[in-house]
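Just below sit the structures, each encoded as structure tokens.
Next come two complexes built around chain A: one with chain B, the other with chain C.
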Partner chain A sequence: MSAISSRPPRPRFDVNGWLFVGPALALIATFMVFPVLHSLWMSFQTGLGVRLSFAGFKNIYRLFNDPLFFTALTNTFIFFLVQVPIMLTLALITAALLNSPDIRFRGVLRTAIFLPCVTSLVAYTVLFKSMFVANGLVNTTLIGLGIVDVGIPWMTDPFWCRTMIIIAITWRWTGYNMIFYLAAMQNIDRSVYEAARIDGVPTWARFLHLTVPMLKPVILFTTVTSTIGTLQLFDEVSTITGGGSAGGAAGPGNSALTLSLYIYNLTFKFAPNYGYAATVSYVIVFLVAILSFVQFYVARERKA
Partner chain B sequence: MMAYDPNDAGLTRIIMQSAGGWYFDKDGNLAIEGNVALKAALEVIQKIQTANIFRPAAGWADWVGAFTGGEVASVTTGVWITGTVKSQPEQSGNWGIAPIPKLTIEGATHYSNLGGSSWYVLSASAAKDEAADFLNEIYAKDVNFYQKILVDRGAVGSLLAAREGEAYKSNDAFFGGEPIWQTFSDWLSKVPSVNYGTFTNEVDSVVAAHQPELAKGTPVDDVIKAINEQAQTLVQ
Partner chain C sequence: MTSYALKQRFSSIAVYVFLGVMAFLSIFPFLWMIIGATNSTSDIVKGKMSFGEALIVNATTFFTQVNAPLIFWNSAKVTIIATVLTLLISSLAGYGFEIFASRFRDKIYTLILLTLMIPFAALMIPLFMLMRDFHLINTHLAVVLPTVASAYIIFYFRQSTKAFPHELRDAARVDGLKEWQIFLLIYMPVMRSTYAAAFIIVFMTAWNSYLWPLIVLQSNDTKTITLVISSLGSAYYPDYGAVMIGTVLATIPTLFVFFAMQRQFVEGMLGSVK
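Then we have the complex of A and B:
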């Protein structure tokens, strides 16, 4: 103890320490801090291409009068509010099932459910698209099994187009979230379950009142990351609904136009307006911040 | 029957331009409401969709697959599709070319345009004069150059003088031995010219987004009103 306290006090500015973190800090400042600040500055400018001029709050005014922005916002929220709960519930249930020691081939099943996560976003959406076209595999199978009489209009009806995209994202990301739940479940002390079993608590109640509360921090984590991921949804909607000619809508009636896709269109597909696109991108930043805060607030530890 | 992607407004643009109309007027101002050609085009689109006389297509690959796979027997698009049509040798002799149908409004023709590309010389370029000279000598004068890119690459130029060359006079067995390039260049000279403006893609995405409403029987006038409202915020 005396050896430690007799050391001279550490200098405020340690040259060696700063030299070690210097390169990393320089890179973060160049490629992270500067672009973030620059995009904030850009969101107050308007104009086509590089001919930007200061516009004050004009972009924000445009935002509130832009029907396409509200279409994109609504679509993003539909994907977020429908897809995230479905996916996380599915992930939780599969994790609980695959954590049960009674199930055979657990390793194979876990790998099979996790496997979609290693596929490239563009590759799997191209496959989904070819499966869901008017005379694709899905419709042929459904008609062949006698479930429907005529093919489901996956690509021409807004409702079915969104359904198809939700099916695609759920397939791709359920296994990813399941892994978090599995890992957390394996950290739960088995004696808790044994005690509950001796007290006669049925299986479903053990899952609902023991497993779920103990997984709360992980559920919160996956909810926040899935929220951020869904708010930034781009690859899937771009690949599934795009690929046509230069013009065209993002899905039937722009039903798959997400905020990120709208930002892309404003920047690359339309006559480029970087300023307005930056304004729309800050909407995502604010939404992520607000929704994450709400989720942390709802899941906070209540002191009795 | 033809393949048609309701999320793409290409066919609408073809019909509209055949009557000399576009999303913008000659001065580049937005012209949606009161646009006779656009209204007539959307009426045709509504008829095609409600009569259900098309094979629905989703995106480029599916649309191309419909005619290369022999599911549909016609394709209405730019001349540049010739190469894709000819990619199926077993369909040789089964194809022919025909002008598009004509609308019944004033200024309507059998001829239109879709896609293609343009050459630009930037006024700030250091090699501005050289670039302009190159385009002038090759793209604006060299008839032989057009024969070469047509034979080697299937590229069709818009220089009318190119029709005097060897390749442009040839008959194509794939299309029943017709002199298709002479025919195309005849039509080329009759395409009504329009001002594409700066914001064609913006308005086009709005038009495409409203096409499914036509299939549900929404009156064309209502659809045009909705297109106009959305387009106005995008064109700025």
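Then we have the complex of A and C:
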């Protein structure tokens, strides 16, 4: 993300420049910067609906004594820690295999694997829900193949409910991340691989010691965007469990209650408490900031 | 056959099997959706994998439960307005940031990139209150407004503008064209593949958006197709047959856009990574 232009800087104040960026700046200020500061201010307030009063650190105290918050935090972390590595590894391997020049049907395979990300999050969630019902397609297939004896309780057991959600998200986003890796791989000089191959470096070692280090910037990019996405997980869990609409528990034992879903419920389902909901939302802000920083730091260290 | 060649043969078979399984799993839910649209709900929940005869019944149920023309019109309206405004405003900004220097440019640009990290959850309550104060709840303008200055698309246009030949611009200036004319008559046509790639991203995001429309669109006559599918599909015992009709119809526009513009899309993504 270099911010340096190739040409020498022009005068300090350029009316034309401000006219071009002005509309975007005004919109970002109104719909991004102002709201994010407003919710920081609200996080120190409490009350029902719009009747808010200053509460100091009361909301933070409530946060630490709120079992539902910790459930949501734990679930969000489970989705993040399990799903992101699985998906990115799968995407990286798939991209590396598709990138080799002597693979036939490359275009068709690439299109097929990319296709899931044209579906809306809501639509694909409904499809997955219908495949994972008690005596549905997935369970009958698994029993038919002799992998399990009785159907897996996808919709009633917390562990399996989370597993189903992880499978669904991985289906939707692997191809998307793969395209970024493929694009970056096409910029890598082929002769480096040829040299390593002639020197007798095995395929897996070429992948690990040549491809992966050269893709570091893209891997960082996809890790950060996937982290931000997973920490904000909402559409899928809301649709799969009805947790956003029915008002009951989100999945068995609230196993699909994520931070975003909890914030939504606090704001629009339960007796609306904007102040406390804003406090929970700032937990996500901090998590995103900390995790992005850690990821940048890790990527920078290894460069040496 | 030498053992080396045998080994090569095996590993290339393994590669095809892996990629084949990946491709199959990726496509399968689409097949499931199409087959499901022809089956009754009781067949769908039994996992029936062959075409059935319930297509008409499912379609009838869907179209009686849902005012489909209105709902699709709402989705189309939101998507078209969002796409046109986002492409215009974000490309103006991406171009402006790259072409014009000013003292604060880099600081402001960094600030814009930082907004990429703001989770939507931290915005939704203040945004909701803002829209209520503007009296925009239940309007499609409220859905569109917060999305049109997209930091991601601005970044994308700025990156791509680095490849815009500035000789063209200098020549146009010598010919006496004004800055907005250069943008409109030279930049936009020259950068059409960048616009095409951005178009796909923005179109799909807008068409598929859910959480923010869920918050601001509360009356039934303003709802979009994603909201309708979610409310039909999140019931405890959904009528899957009817829902499948909805998901098929909701997926057709994005599939169409993807296949019509696939080449530009991949090229555009290549451009953004370079």
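A few points about this structure:
Convention: the second predicted complex is superposed on the first by the 274 of 304 C-alpha atoms of A that agree within 3 Å, B and C clash if a C-alpha of one lies under 4 Å from a C-alpha of the other, contacts with A are read in each partner's own complex, and residues count from 1 in each chain.
Here is the rule we go by: a residue touches a chain if its C-beta (ideal position, glycine included) is under 8 Å from a C-beta of that chain, and two chains touch if they have at least 3 such contacts.
All values derive from a computational prediction rather than experimental measurement.
Between chain B and chain C, more residues of chain A are touched by C.
Judged by the touch definition given at the top, the superposed model places A:V133 against both chain B and chain C. Touch criterion met: A:P252 reaches chain B, while chain C stays clear of it.
Contact with both chain B and chain C is seen for A:T241 once the two complexes are overlaid on the shared chain. Once the two complexes are laid over each other on the shared chain, residue contacts for A:L68 go to chain B alone; chain C is not touched.
In the superposition on chain A, A:P153 contacts chain B only, with no contact to chain C.
Once the two complexes are laid over each other on the shared chain, residue contacts for A:L27 go to chain C alone; chain B is not touched.
In the superposition on chain A, contact is made by A:K269 with chain B only, not with chain C. Overlap of the chain B and chain C interfaces on chain A comprises residues 129-130, 133-134, 241-242, 244-246. Across the complex, chain A meets chain C through its residues 1, 3-7, 9-14, 16-21, 23-28, 30-36, 38-39, 42, 50, 90, 93-94, 97-98, 100, 103, 108-109, 111-131, 133-141, 171, 174-175, 179-180, 183-184, 186-187, 203, 218, 228, 231-232, 234-235, 238-242, 244-246, 259-260, 263-264, 267-268, 274, 277-278, 280-282, 284-285, 288-289, 292. Across the complex, chain A is touched by residues 11, 15-16, 18-20, 22-27, 29-30, 32-33, 36, 44-47, 49, 89-90, 92-93, 95-103, 105-106, 108-110, 112-113, 115-130, 145-146, 148-149, 151, 154-155, 162, 166, 179, 183, 204, 207-208, 210-211, 214-215, 226, 229-236, 238, 240, 243-244, 246-247, 250-251, 254-255, 257-258, 262, 266, 269-270, 272-274 of chain C.
Residues 48, 62, 65-68, 129-130, 132-134, 153-158, 241-254, 257, 265, 269-271 of chain A are the ones touching chain B in the complex. Residue ranges of chain B in contact with chain A, taken from their complex: 5-10, 13, 55-63, 115, 198-202, 204-213, 215, 229-230, 233-234, 236.
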